[in-house]
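Both of the next two complexes hold chain A, though its partner changes from chain B to chain C.
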Partner chain A sequence: MRPDGITNTEMSHDVTVKPDGGRAGARSCAAAAERSARRSRGRRMKTMPASWKLLLLPTLLLMTSCGRTDTKTLDPTQTPPASVPPLADLKREVVLKSENVTENIELRQLVRLFLECSLTADQNKLPNMTAFWSRDGQEIPDSRLTVALEKEQYGIQRLFNITSEEKVGTYSCVFENKVRADFVLATPRFREKRDKPVVSYVHDFVVLPCKMEGSENESLTWLWFKGNETHKERISAQPDRFEIRSQNLTSRLKLINLTFADAGFYYCAAVYAVGSTMNPIKLKVITFWEPLKPFIAILIAVVLLVVVIFLCEKQQSKKKVTEGNEENVDQNNIK
Partner chain B sequence: MVAGKQKSVGVSPPDGGWGWVIVGCCFMVTVCTRAVTRCISIFFVEFQGHFGAEYSATAWIHSLVDCITMLCAPVGSLVGNRWSCRVAVMLGGVLSSCGLLLSSFSTSLELLYLTMGVLTGLGFALCYTPAIALVGCYFQQRKALAYGIAMSGSGIGTFVLAPVLQLLIELYSWRGALLIMSAVVANLCVCGALMRPITVQEQTEEATCGEVSSQDTELSIKPPKETEVGLLPLTLPGEKPNPSPKKRRFSFSRTEYSFLLQPDFLGLAVSFLFLASGCSLPFVYLVPYALSAGISHQHAAFLMSILGVIDIVGNITFGWLTDQRCLKPHRLSCYILSVAMEGLCCIFAPLLRSFRLLLPFAILYGYFDGAYVALIPVVTSDVVGAKHLSLALGVVYFLHAIPYLLSPPIGGLLVDITESYTGTFLLSGTALLASAFILSALVGIRRCRRLLTVEHAPLHLSLPERPGSFSRNDQESPTDTS
Partner chain C sequence: MRKPERPHEHCCCRATRQATGSRWKEVTSERIMSPAATDAAESKPPDGGWGWMVVVGAHISIGFAYSTPKALSIFFKEIQEDLGASSSEIAWISSIMLAVMYAGGPVSSVLVKRFGSRPIVIVGGLMCGVSMVTASFGRSIVYLYLSIGIIGGCGLCFNLNASLTIISKYFLSKRPLANGLAMAGSPVFLCFLAPLNQFLLGDFGWRGSLLILGGMMLNCCVAGALMRPVTLSCNPSAVAALKNMETTTKHNMSKKGRCLTNARQFLDFSFFKDRGFIIYLMGNTMYIFGAYAPIVFLSAYAVSQGVEEYSAAYLLSIMGFVDMFVRPGTGLIANSKWIRPRIQYFFGFAMIFNGACHLLCPMMTSYAFLVGYAVFFGVGFGMVFALIFECLMDLMGNQRFPSAVGLVTIIECFPMLLGPPTAGLLVDLYGDYKYLFYMCGAVIMSGGLFLIIMNILHYHMLEKEKAEHNGARRSPETGNQDGVSLSEAQREPTEAESAPMNRDPQDPSTDDTGPDITDHF
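Coming up: the complex of A and B.
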């Protein structure tokens, strides 16, 4: 008994792995337009301004043709993005031999997840093998199957609809001989982890940045929290203390007029449809006296050195003057 | 050191003793000025985050400091000449320290331009040229080695200062780091205090380095004419030794800047213009070029560090090399050779598209870059003489300013238009080769002219023929001991 999902995925196989298929066409047009614009810019350096009109015409044609192709590639069955976003399709397959495999899947949106595990047969080459799917360690009911040996492999597939945050977890396919593959679903991780604290001064302002990797036209929702591991408090923009500026893949929290109470951990959360990831940033608030101590120490050393050098030089020149006088006296005596 | 027993006021350059202290001071000055300028870019990330500015807005600070340091070099050399080296360097130290101190309290990017860009740049300009000029006064035989050690400060300083600055920024954020840097830069005052003035005797006339000039006579550096020769080699027309006490002159004297109009110096100046146009581009564009050729980030960063380290090696070893007896008369040829080699390296650079090929490029380019930097003051002093060295160096570094400012953006424009780095490297290579060519042409003309004068007046010339140097060779009198 094969799940219905297989026939569906075969149909939409061409559109898989690229969840934002419709936009690919527009992106290639934009790239072509940019290339031609760059070329025309280069040409502009050498040709006279009158030929700009000649360059405008092909670029206009290019833009209009791009507009037309964009509508063609849009799937008529897909609903326009203004309303409920359609579930994208994501397929992952794993080939198992004798060891367990863990596969990390980064989810940025709600997906229909199609997972496939293929176990390579060992020497025994049993004709049948049982396998089941589990989620977060617990067997999914009615998922145990007996699969037949086909082309030296035992294959098992299942479709999972990841439609909300609760459905995100670790899905595993487990075979009879205890070989398993774990598919760990998670929201994207922050790549730049800052382990050193951000330092700032009392009465000064500080900007805490957060940056997420992703495609350029992705727009995220950002939330900021203050607290510690167990208890976090949501920060809302208060005009005299906090200022949050979020833009697509980056977000900045500006703390104005710092006090010692503002020190501690701050968390920026990138919110996706399938969950959110948090990044901790530590803030340390110090007074100006801290760097002032080494500053004054070095300045005092400098002043002392300069004074000592000048004194030494004066002493040396005095000695030479007295030596010179003595010589003159000697010479006079000799004469 | 002023010898109390001689009646005359001047001494020959000590070539040691207190001279090494001066070299150490010049090393510290180079560390505090050039290395700090290079390390300013470490602050840019902090400024961008704090003030919400773009990279280009913060990059202006570095360009401002560099440009103003070079543009105001004549001011520095003038102050050093009029009053003393000591006064110039201490004043510069105070100014740049104040600039960094004010910038640590700055509340906007524009204020940073003013304090960190203009004020600090002006302070650096007041220190840099007088310090280099003073080294030239204290050394004669080992001048190139002394300059090599002094100029290696920028490389070693960058090497040491970069991680120290990172640590300071992590501990105290950029405000605290700038505050502590201003105290470190205040050490320029200590260097200034150590810079004792010296009155150097050049054969029969005097040139005071680091004190008010007492000479009135023009120092002509033309090939000896028939009327002059016969007294001592290299004496000058109508010249009277003047050991009287110093006269203070506050008006601009035509004689001070007389060296500007000599054809030798003009040729040198034009070649420096080309040199400055070509030399900064590879430093700026090596890493982007390496990345575009498919080299990993770590390898590209390694290339830059290799470049820096070999630069230091080139400074010191080339200085030592050109001080040896066999190479000293050919110092100018060595300089032309190093510039030409650099130009050739740049021309071949676009053909090298892997890490294994770019590594020898980095080594060669770094070595010859260090080599010519150490030789610039030596070559200048060979042409204009120790008396005018301070003012000439000011003009030389002034000529570096505008090409330093303009050539990286022009290189960037070339990269944008041609979408490859070939044009930039070719431009840099041709500028360097042009600089070497101009100088070698000048040497060739000099040699031809000297051969012609030898033909016309064979009896009077008692100078040994020294190919490769201009006319006034190294002021080495026959009585000099090695």
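Coming up: the complex of A and C.
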């Protein structure tokens, strides 16, 4: 995503970066700065050293406008400067009473996160209450405020610009009386958890699927890994062994001509701008002899049962015949 | 094969059988509660003894027949991923299997009449086993359609038809109980196969599981081995004589006539002249149309009401568990002397109960209520299915039952395949499950009401016809009359047992070809 060409005369315009390319935005900022610096340097070759100031000023302006997008401590009432890329807005409010509250927030893209905590006043009804915001357990500097009691509640709010993967974490508002609300930011979780392994056979093929919930139009990037919790190895499509087919919200890894070495854990990762989620799938490879053993056992049992039943029947019918003959003989004797 | 004896050596069973055509209507009209008459035969069914082992065999056979298409759906997700098929393509496997199982009815009934139940069930079991084993090597979805769908469906069809027929041969006075016990095989095997399939899937994958399932279906052969043909006390030579007569008449007919009779063997359209049969068929069709859709959509409905997925799956298990006990229970109740004469009404009542359950379902919003609904659904479903074939046996009698059941199953094929998709269409159109339940409940309830009302009319008209015939019967007839009274006299002691039911009792009949061919087994 390359920004429009930045020239010296276009300093005042926005750096047009798409919202979900935070990292790309920073990169393009740097690229734009590089380009303008190169152009300025080029001009500098011909002009006099007095135009150093001419060089510095646009570069400085460019830097500050790029740097502005990283700001967190923005007063919500102030309109953001025009150079901040247009992010989606997400607002969350929590009302606290006496217990801590945890709120899970699913992020699929870069957002401007507007968080608000309202603490209901208890019997004391103190006129003022101090509170602060923390991130991942550590207090954010310059965030401690004293709020006044308003309509039986103490309210505190803050805007967070979630513009990169590093910004994703747990944000909390903590009040003086130790009551807190935790907002856990995370990429979307996989809905289906497989606890059973996928079983397949040597020399056979198997398809490992991964599906993410979401809207129809969403298009995700998918990556596959093989390994375990600590060490994962990226899988790239090799024509005779792996085949990866990804489409929007689903991705399929096809393993061809399985061997015992192919068994183990496979991870599919759905990549979002704010991070990626992994889903483990276990693959088990066995030979065909394994299910054949119980099958043959059942077959033998069936044959035995059938033979036993027929033998019993033959015996019973023989008994009846001999009994019948005896009866006939008796009857003849009587006659 | 026995050599056909000369026609004049006959026993009572042959005499009455000879008069089939002319006397049919007369005997039919004489029955009040069970309009179908079969030919009089002096060998009454054992009603016990080895019959209970036959019930065990039928239990296994019917159990596999009804539960396999449902239990296979556990493998579908894995198969779908491996073979790259869509959900609807996968669902066709079950549909083809069910369709073949029902549509193969007439073929199966002809084979059962020809060869007896035992060889057919053994062949059916072998076919099922082979189908599953070949399916485990499948590489494409069409291969699975052929192996599981067609071959498996054929095998199950043979099983079902033959098992029902042999019950009708072994039991008369305890027949509702035997039917209830045999039909209980369906929920028992479903309860047993579903977790087993899950376990096998986790250990062996879908290929290994299909292989092992094939081995288990070979147990149908054991069930078949148990189905000893009924031994006749009647002189079997007379039966052979009858066959001789049949073959001579066949030779005399023209080729076209022979073709027609052969065709009529498969689909005997003379059944459609029987009023009781038509009533049963229509009521049954309405029931089958609405019966399966609620089962298919119950968990989805529960999830939409806010129940979590595991609990929603339990609802179906609850229904199956209740069903397991209700079927034999219903058989026991239907066997009692108050209900048995009015068994057709009891059947209609069971259908109305089932329909009422579905109509009340949309009001069930909490999980506790849904569990209650599942319990009552199980009760209603079990009651209907315990009686569904018993009523047909009651209507048709022993002789005509195999062909009748073949005809009924092939006609039932259509509502069974159309029901769930129509219900699904309703859900798609309105986005709400309640219309599905309203539709199913309404159709089933009207089917039940139809049965009750039409049966009242039917028996009323039968009584009128009987009164007329009693008047007309004063005129002397040939030796047939003796045959009738002789068999009736013989039935007096049995009548005392199952008193009000057998006012004009059904005839337990002999298996036409039983002693000739099945003796070799």
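What we mean here is this: the second predicted complex is superposed on the first by the 215 of 335 C-alpha atoms of A that agree within 3 Å, B and C clash if a C-alpha of one lies under 4 Å from a C-alpha of the other, contacts with A are read in each partner's own complex, and residues count from 1 in each chain.
Simple rule for what comes next: contacts are C-beta pairs under 8 Å (C-beta built on N, C-alpha and C of every residue); 3 or more make two chains touch, one makes a residue touch a chain.
Computed from a predicted model, the values in this text were never measured in an experiment.
Of the two partner chains, chain B is the only one touched by A:323; chain C is not.
When the two complexes are overlaid on their common chain A, residue A:295 makes contact with chain B and with chain C alike. Once both structures are placed on chain A, chain A residues 196, 198-201, 204, 206-207, 209, 252, 286, 288, 290-292, 294-296, 298-299, 302, 305-306, 309-310, 313 are touched by chain B and, in the other complex, by chain C.
The touching residues of chain A, counted against chain C in their complex, run 196-201, 204-209, 252, 284, 286, 288, 290-292, 294-296, 298-299, 302, 305-306, 309-310, 313. Interface of chain A with chain B (complex): residues 38, 41-42, 45, 196, 198-201, 204, 206-207, 209, 252, 286, 288, 290-292, 294-296, 298-299, 302, 305-306, 309-310, 313, 320, 323-324, 327. Chain C meets chain A in the complex at residues 78, 81-82, 84, 133, 201-205, 207-209, 211-212, 214-216, 218-219, 221-222, 225-226, 228, 521. Note for the complex: chain B touches chain A at residues 2, 4-5, 49-50, 52, 170-173, 175-177, 179-180, 182-184, 186-187, 189-190, 193-194, 196, 417-419.
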